[in-house]
Structure formats: structure tokens, C-alpha cells
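Each structure below appears as C-alpha cells.
Same chain, two partners: chain A is paired with chain B first, then with chain C.
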Partner chain A sequence: MTNRLLSEVIFPGFQNSWLEQNHDGAVLEISEARLAFTADSYVVEPRFFPGGDIGSLAVNGTVNDLAMCGARPKFLSCSFILEEGYAMEELTRVVQSMRAAADRAGVSIVTGDTKVVDRGSGDGLFVNTAGIGVIEHRLKISPQSIQPGDAILLSGDLGRHGITILAEREGLEFESSIESDCAPLWDVVDALLEANIEVRCLRDLTRGGLATVLKEVADDSTFQLRVEEEKIPVSDGVRGACEMLGLDPFFVANEGTMIAIVPGDQVAAALAAMRAIPEAANSVQIGQVEEETNQRVILRSILGTDRVLDRLPGEQLPRIC
Partner chain B sequence: MDYLDPYRDKKTVLRLADAIRSATTRPWTIMEVCGGQTHAIVRYGIDSLLPDEITLLHGPGCPVCVTPVEMIDQAIAIAGTKNTILCSFGDMLRVPGSETNLLAAKSSGADVRMVYSPMDALRLARQNPDREVVFFAVGFETTAPANAMALYQAREQGVENFSMLVSHVLVPPAMEALLEAPENAVDGFLAAGHVCAVMGIEEYLPIAEKYEVPIVVTGFEPVDLLRGVLMCVRQLESGRAEVENQYARSVRDEGNLAAREMMSRVFRVVSRQWRGMGEISQSGFAIAPEFAQYDAALRFPTRNGQYSDRLEEEACISGRILQGLRRPGQCPHFGTRCTPEHPMGATMVSSEGACAAYFRYRPAESVTGNSQDPQSHSTATS
Partner chain C sequence: MTNRLLSEVIFPGFQNSWLEQNHDGAVLEISEARLAFTADSYVVEPRFFPGGDIGSLAVNGTVNDLAMCGARPKFLSCSFILEEGYAMEELTRVVQSMRAAADRAGVSIVTGDTKVVDRGSGDGLFVNTAGIGVIEHRLKISPQSIQPGDAILLSGDLGRHGITILAEREGLEFESSIESDCAPLWDVVDALLEANIEVRCLRDLTRGGLATVLKEVADDSTFQLRVEEEKIPVSDGVRGACEMLGLDPFFVANEGTMIAIVPGDQVAAALAAMRAIPEAANSVQIGQVEEETNQRVILRSILGTDRVLDRLPGEQLPRIC
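What follows is the complex of A and B.
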């Protein structure tokens, strides 16, 4: 649905070369400086969940979009749309959470706006953040930069945010407690750049999860990507929840987990750099870019058989039996 | 995850694949009945581990796929009724009726809610005493006990604003319908383990005997499926036709007696329409007379003649796919005109439908044409 809105209405309506970079943020060259610019709106329900809330999500989401452009996040804006009657104490909690998240990510929230809409015209609280980051290197971080032989690195285990939200929203209780992975990722990217890794492509694994993101990267590149199920970490809690609900963790959303595609001969250094950052302590290589130019994503299953990973039409829905 | 990992163990899987290879001397066609099994087979590439002589056919066991269009239209009509909440399981929401689906009805204002259990719908009815709450009860013998329990509880608790639109179907009559068909190619069945966990294995005994067909009650993990195939092949090779239980860790011969008892109180067996297969005698459940006040089909006035009798788009072969007579890759529309976003028929709609499983895991199948026609020796009749 969102894909169709973008391709049929929004992209044609606003058409320009910056928008066509089709990345998490736009990379802009202004005089000597290279800046990344991005925006996102947050309408998550429930607004408070284990591991985060709408405020920390709004900061980290935008920080991560900048980080995935290889940009050091600097400044954020913050706009609230409040429904009349929304509790002031809750707004205070959200603002405090945003402040804490901004401090952790090293960004300042420097401008914003607040609107109140009539009761019934909104759903409690909507948050929009926009962000500006500075690009301090000359790399072109983009799917178009990936080459056969490059390695695909994953910063942590999959699916914690999506399952946390689903469990909270639907009142599902699982034996083990699962927390959202909501976290800023710039430190991970910074560590890669500091280690002089020739980073080819970065993506955080938000909507649609790992599988969707890999397919988007393959589509925007020329090559086939191959990943191995055996190497992709999924916690027992997330796996159990997914088994029960008939969901595939490869398609579940994350808010603090990313992939980095780096040259094959720099894997060891890249993993060492990533693992030194707490948010990416469990980084692993999960696959590589191959020579075939069919823009496919192939998953080698735990049994050694191959299958294709593709986008899902719409969101995953729990199965009947 | 001790209850899963041993059943996905690569060494065990490869050893079983070897055993199947050495047990097989002739070509055999085995049908897995359940869509969950189809999903696992395609997802893990189980069929690629089997010798060429073994053909797996995908059976009709996908509850979403076989729910008739009229029932979906009726659910959409009920959802659009004033002051009504319609509850359904998630994957029913996208299934097309004759004109639209429940998700679209929801976005145009109908109160449609996704629930995880019929008891959630009953709770919703208690919380909204001034509204009608209808649960769209779809599925095989697996989901029927919980639905029966919800109706029973509704009566016990005196919840009067709760009702069910029931479209339950049963596995054994569908297997018999397949075996009766003149084009039947099935040599042996992998029966659905979870269905048998509820119903037991008795009702399969006369089928195995009458049609001389081995039936192996089988689970859903790679090791289960391969063990099921091995047991089936050994029977076929030695000329036996028995009911065997591969899934003994979940299935007792008598099934779940409490669940069966609850179902027999609340439901009665009736003939049912199957999407893509037509009417099958005594093949489903309807609400028993003593629970008639909870029957949404009676509570909400039916619009006679207004529900479409259209089954599928004419060009769609999903009926033949549900019967194992064709494979998804053999349809000219697979992956082109027909996709999960714009399904032409039942088997592309549900995540458990064979076409959807192939589309998701093997989109290349139609291009490379590497699927074998299980009926290549006979003339196509569609």
C-alpha cells in the first residue's frame, strides 16, 4: 500500500533528482558541505512499550535514517499533533524520553511545532521528526555501490520490535519477555567509518524487516544477494512467538538493527569495529553479494536448500491454523 | 526451542532423504493434505531432497482457500450492518469475495477486527453489550473445538449479542472426494497431524481400506514430513495400505475426546460448498439446532440472490490445484496476472495456498518451467 502511494502519487508529484536517490534520507551538497536530510512520522500504538516509547522511537528512527546515509546526525526538529484532551503527564513523559534519546544519540532537537486538533480528529498523539546530518567522508553509500564478493553483515538478532508491539497491542503473553530493539545506530556506522571500512551500503531493518530490505537493496543494485538462514540470529522468544502466530521473523520490523555491506576482504575489521559498539555486539556476516545480475535474494535454508526471498504483499497476518 | 530444533536438524533430514531414496524403486505420487505442510515443504525445499520418482501433490487443506465466495460476501455484508463488530482471524481479511474483501470493507468504515481466538470475540461481546459481535468461524477440525467452546461459553454466560458465521470443513470427506475423482493420481496421503490430534485416526481407517491407499498421519517440521514420506513409500513399496501415525508425539488414536465432545454438542455435520471444488456431501459443520440463537446466518437477514455465485475467474485453475491435478507453475497467469496482491483465485490468496507458497518461495518456477505435470500422461480436461 505504502509502496503504491509512493510510486503512483508521491514520487511523480514531487519528482526531482534528490528524491530519486530513493534512500532513507536525501544527500544534499550545499557549497562545500554534504548533508543528509530526512523526516519521518510516528503513529505507533501502543505509545509506550517494553524497550521504548513513541518519543524514543521518533528520535532513533530519524537518527538511524541519517546514519544509514553515512551521515553524523546533528539536528532534529520535532512536531507534535495532539488530540484535544491528551494527558499532559503523558506528553511530559514523551518529551523527557525524546530528550534522553537525543542525548544518547548526540543530537539536539532545535525546532518544532505543536498543533492541537479536535477530539476525534487524531488518535492521541502523532509525532513527526526531521533531521539533518553531516557527511564527513567521500564514500557513496548506496545499493548501487555494492560489488560481487561484498559481505552482508547484520548488527544483531531480528524481530524484537515488531513482536513487542504486536504482543502489547493484542495483549498476547509469551513465556519469555521480549523488548523492542529501539536504539540509535550512528555509533555503529561511525565505528565502521573510523576503522576505514569502505562501506558500500547501509540499511536499518525497519518496515518489512530483513527480507524486504535485502530485496530493496537487490532491486536498486544489479546483483543477486545470498544469505544463510543458519547464520541469521533470532532470539528464542521471537522465534517462539513467530512460530505460534505463523509469522516469519525475516519480515518482522526492527528499530535498532541494521545491515552493512562491505568489501569481502574487510569483513574481520568491519565486524571487530561493529562488535565494539554495544548496540551491535552480536554482529555477524550473514551472506554475500554474488555475480548473477538477476536482482534476487536467495536464502539458503537450514537444510541447505535454496529459496527466494521477496517482498510481502501488505503486512504479515497471523494464520488460521 | 527443544520442541523444534530436533525436527529441523540437517543431519537427520539428510539421513531420512537417503532412506527414502533407497526405499524407492518405482514412481509414487503422495499428497500432503494440509496447507501448513505445503508451506513447510516449499519453504524448506523438502521436495528437492526427494528422488525423482516421488511426486508431492499439494492438497486442499487450506481453510482460507476453500471458504466459498458466498460466505465471504455474507461476512462482508454482516460487517457493514449498523452497530455490528465482525471478528475474524488475520489471513481471512484479504480473501476476495465477489467484489471486495474484509480489509477493504474495514477501510470503508465497517468495524472489522482481527482476533487471535474466538474467546477474544466473546470478550468483545461482553465489553460491548449494546453491539452485535459476530465471529467468522472458518477452518478445519483444528479450529472447530475452540469455536465450539466459545459458543458454549456464550450460552453459559448468557451473552446474547454474540453469534458466529460458521464455515467449517472436514478433511476425510475431501480426501474421499479426491479419491473418487476419475483423474485421481494420488497413491498415498500424508494426513494433517493437527487435525488428527483433535479427531484421532479412526475415520481414516475405512478410507485406507476402501481405496487401498496408505495414509500416514504426519507433522509439520522437515523431519516429520520426511519421516511421513518414508513411511508412506515403505507401505507403497510393500503393497500395504494402512493408517500409520508418524506424529505420535501429538496424536493419540482416539484424538482429543474433550474437544470431540464439545464439537458434537455445538455443531452438526452438513454438506458444504468448497471453493474451487464444489459441494461435498457431509463435509462440514453447521451450528446445531439447540445453539441456533447464536447462528449469525439466521440472526442476520440473508440477502437472497444478492450474493454472487461466481466461483473463480474463468481462467483460474485453483480448483484443479486444490485437487492436486495441476501445479502452480503450470498456470499461464501464475506470477503475472495472478499475484497475492491481485489474486485470481483461492490458492493465491492465503499464505497456506499452494500458489501463494510457490509465489513467495519460488517465483521462478513459472519462468523456468521446471515443474512436472503430475497428469502429463493423461489429457487435460479443464
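What follows is the complex of A and C.
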């Protein structure tokens, strides 16, 4: 439904060159500075979960959208919509969590708004964060920049955020405890830029997971992407939970994991830079950009067979972020 | 309740020098550019009303917060929270209204987000707009800049937005039709700046109306403000509705009306500049800043008696914007 709304109503209605960038944020030129600007609402249910809460998610999600534009996150807004009767103690916890996440990510929450709606017209708390970041390099970080031979690097294992939320919601318990990967990713991007990697494209693996993100990148480039299942880390806990819930970990959301597409001859330096950052200590190459111009994503399975990955089939999991 | 949340939870939690500006938006220095940044959620009920709708309100409200910082509004984000089952036809109307309002105000909607919550967890549609504006002058537009002898100018008549919303909600009909004053105010500010007026302070008369805004300005300055009731325009329709509803027009919200505080010797030039803009054609001086440093707002009534104006007493009207 959201995809239809975007393609049929919202994008045609607002149509302009910035929205056509089709990125996590808009890149703007203001007074000779290049800025990134992004905004997201957070309606995650439950609001507190292992590894984070709606507050840290709202900060890290927006920080990461800026980072994926190659922008150093600087300033956030914070808007709350509270349902009448929402506990002030819980709001205090959320504010403290946001402050801690902002401090960790090096951003300041500089403006905001609070609205209260009557009981039954909201659901406890919704948070919106908008963010401004500064682009300090001249790279064009975009799917349009990728080239055959480029390497696809992945910063960590798949699916921990989505599985954590679903498990909490369904009251499931697993043998191994799973925590959301919710974390800021700017340090990873900064490490790549500091190492002078010619970063081609960056994406965090949020809605629709790795498969959907790869397909979006392939669609916005002209090339085929190929990834190898055996190189893509999925924890035993997430794998087991996915089997129980009938989910494919390739389509489950992360909130602190990203892909970086870099020139093939810079893989070693790029991985070394990424692995020096705790949030990306387990970075690996999972595949490459190929010459074929069919905009496909091919997954070479562990058994050696090829499978075409597409966007998330059917409805997206609701209120995962 | 919102005031308590802000003073006890949100400001202390996020505490930093930008929030201490206590303004409608934050003023930021980025790469030698001075920017304003603001964000607001809109939960107005009903969503469509004479003179506007939630979409035009979301654009003009954020445009005006930037304008009140003395910033030329440039870029907006737009985030929707939809309740499951919300009619796509209505969303289309809102998007078209936002586009039209953005075009009128000279801003571009460059990024955004859409979330869907389950039925009963929202109320049709909530909109959040964040905005970036550029400050092209070196004035410090702030209550701290006002001086004894400065003039208080008002751009139009009081209370049309608030009365329109309440009348729609209560199903009231008045002899004279009242429409919201929802409109962008940047052209008015731009006219003052272009006329080289040393603008001291700007505020739009949203939550809490003229009285609350004047008291906030007095509190953030050190001076007494004095205004004269007979100079403050209130339409017969708004006056009648206020009598019927038991409201004081001085506390009812506008969405396209502002005060400008300017040096006393620049009143004629400032009023001429403002009146040249259709949204402020009826601008008048309503009072002045006085030497007393008691942070009071004094209203000289039509009968010649003085009354101290304070912030909105009791609860604010809910979901007025």
C-alpha cells in the first residue's frame, strides 16, 4: 500500500528533481554548502525492545539516512505526537534515550514540537525526526554511480531488528537472545571516506531488508547485482526465528547494518576501514556489480543454484520502525 | 500539559544552546551559511475547513516558523502517518493542497516518509513538516533585541483560524462566514527586510493567540509591552463567535497573522512595506515596548482601564493545528 501511495499519489503530487533522487534523503545546495535533509516518522510497536526503543530508533534511523547520503549528521528535529494519558515517566525514558543516542551519534536535537491527541486517536507515542547533514566530499553517492566490477560490502548480519520486534510482539522466546542492531552508521561511512575509498553507493538495510535494498539499487542503476548466500552472515538465532515465523532473513529489516558499493580494486582497504569501526567489525564482501544491464539481483545459493531476488513480496511488516 | 512536558521533560532532556533560543525554529551556522530549521506535526480536526486544510496548514505553519526566524523558506520535508483505511482520494486532495501551498510560498517539498498504522491507532491523517530556510541578513531577530520605544505592529485581525476550526467542529453557523487566515508570511518579512527595517522581533500568532505570544516575548526580553485594545482589529464575525463560545479573541489562534517589533522611528516605512503585501494589507501599530523591566503585557481597554495579559489560562484548545 505504501508503495502505491508513493508512486501514485505522493511523488506525482510533489514532483521535483530532489524527490526524483529517490534516496533516503535529499541533497541540497545552500550558499555553496552541500547538505542532506531527511525526515521519518517512527511508529514502532512495541516502543521498547531488546537493543533499543522508539527514541534510539528515531535518532539512529534519521542519522543513518543522512549517512547513506554520505553526509555527516549534524542537527535533528524531534516532534512527538502523544495520545492523551501517555505516561510522562515513559516519555522521560524516551527523551533520555534520544539524548543518549544523539550524543553517541554526534548530533544535536535543536528544534521540535509536541502535540497531544485525544485518547483513541493515537497509540501512545509517535516520533518524527528530521535531520540535516553536511556533505564534505565531492563524490556522487548514488546507484547511478555504480560500475561493473564494483564490490558489494555488507557491514554485519541480517535481520536482527525485524526479528526482535516480531518476537516481542508475538511473545516468542528463543534459545539464543536476539537484540536489535539499532545503531548509528556515520562512523562507518566516515571511515570509508577518510580512507579515500571512492564510495559509489550506500544503503542501510531497513524496510524490506537486504533483498529489497539490492533490488532498489539495481533498478536505479542499469546493472545486474550478484550476491552469494554463503558469504551473507545470518545469526543462528535469526535463522531459527525466521524458520519458525515463515520469514526469509533476506527480507527482514535491520536498523544498524548497511551495504557499501565500492570499486573492486579498493575492497581490501574498504573492508579494513569498515572493520575498524565496532558497528561494522564483521564487514564482508558479499558480491559484485556485473556487466549485464538487466537490473536484476541474483542470489547464488549455498547449493550453487541461482535465484532472482525481487522486492519484498506482499505486504510489508507493519510498524517495524 | 504540553507546557509541563516541555519544561520538565523535553527541554531538560535535550538541553543545548539551540533549544535555549526558545524560538519557533533553530538558527544554525553551517559552512558559513546561516540557516533556520524547524519542525511541526499537524493533527488538526477537522482536516478540511473554510480557508484551508491540514495540508496547506502544514506547509504554511512551517513556512511561517522559518519566516519568524527571518529566514527565507526553501525546503520542506513531508511525513504522513496514515490510519489504515484512510481514503486515497482524500490523501490526493491533501497532497495537491500541499503542493499548491508550497508553490505559493516558494518552497520545495524535497524529502519525506509515509507510515501506516492499524485502524484505531491513529486518526485518519497526521502530517509532519520540517523546514530549512536561509538567513540572508545579519540582524538578530529575537525578543532579546527589543528596546524601549520599539513599536509593535500587527499584520491583520485576530482569531480567524481558531474560530473557524471550533465552529466546524461544533457545527456552529454564524451570520457572517468566517474563514481561516491560513497563509504564508515570508513575503511580509521579506518586505520589511527589503525596506531595510531593523526588524527586532517577529512572531506569528499561533497557539495561545496574540496575548500569549506578547507575554512570551515580554518574558524573553526584560521590558513591559503595552497594547491598545481599540487598535487591535477583530472582525465582527470572530467577536460574535467568541461571545457565543465564551472565548477571548486575544487568546484565539491565527495561522497567517503576525506581529513585528521594529524601531519606533521606522513605523511608517515598516507599515508601508507590510501593507504592500496582500496578506498584511491591514497592518497597524497596536502598541509599543516600554522602559519598565517587569516583563508584563498591559492591555489598555477601550474604556481606558489597564489589564495585565498573561499566557493562555487553563488548557489550550486541542487539535487546532
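The working rule: the second predicted complex is superposed on the first by the 314 of 321 C-alpha atoms of A that agree within 3 Å, B and C clash if a C-alpha of one lies under 4 Å from a C-alpha of the other, contacts with A are read in each partner's own complex, and residues count from 1 in each chain.
Heads up, the rule we're going with is that a residue touches a chain if its C-beta (ideal position, glycine included) is under 8 Å from a C-beta of that chain, and two chains touch if they have at least 3 such contacts.
This structure is a prediction, so every number in the text was calculated from the model and none was measured.
Once the two complexes are overlaid on the shared chain, A:308 sits against chain B while remaining clear of chain C.
Comparing chain B with chain C, the partner in contact with more residues of chain A is C. Annotation: chain A residues 318-319 touch chain B in one complex and chain C in the other. Within the complex, the chain C residues that touch chain A are 1-2, 4-6, 8-10, 13-14, 16, 18-19, 25-26, 28, 30-33, 35, 37-43, 74-75, 77-82, 88, 91-92, 95-96, 98-99, 102, 108-118, 120-123, 126, 128, 130, 132, 134, 318-319. Considering their complex, residues 170, 172, 236, 239-240, 243, 245-246, 301-308, 310, 312-314, 317-321 of chain A touch chain B. Residue ranges on chain B touching chain A, taken from their complex, read 1, 4, 8, 10, 13-14, 36, 42-46, 48-49, 63-64, 89-94, 114, 116, 138-140, 142-143, 194, 222, 339-341, 351-352, 360-364.
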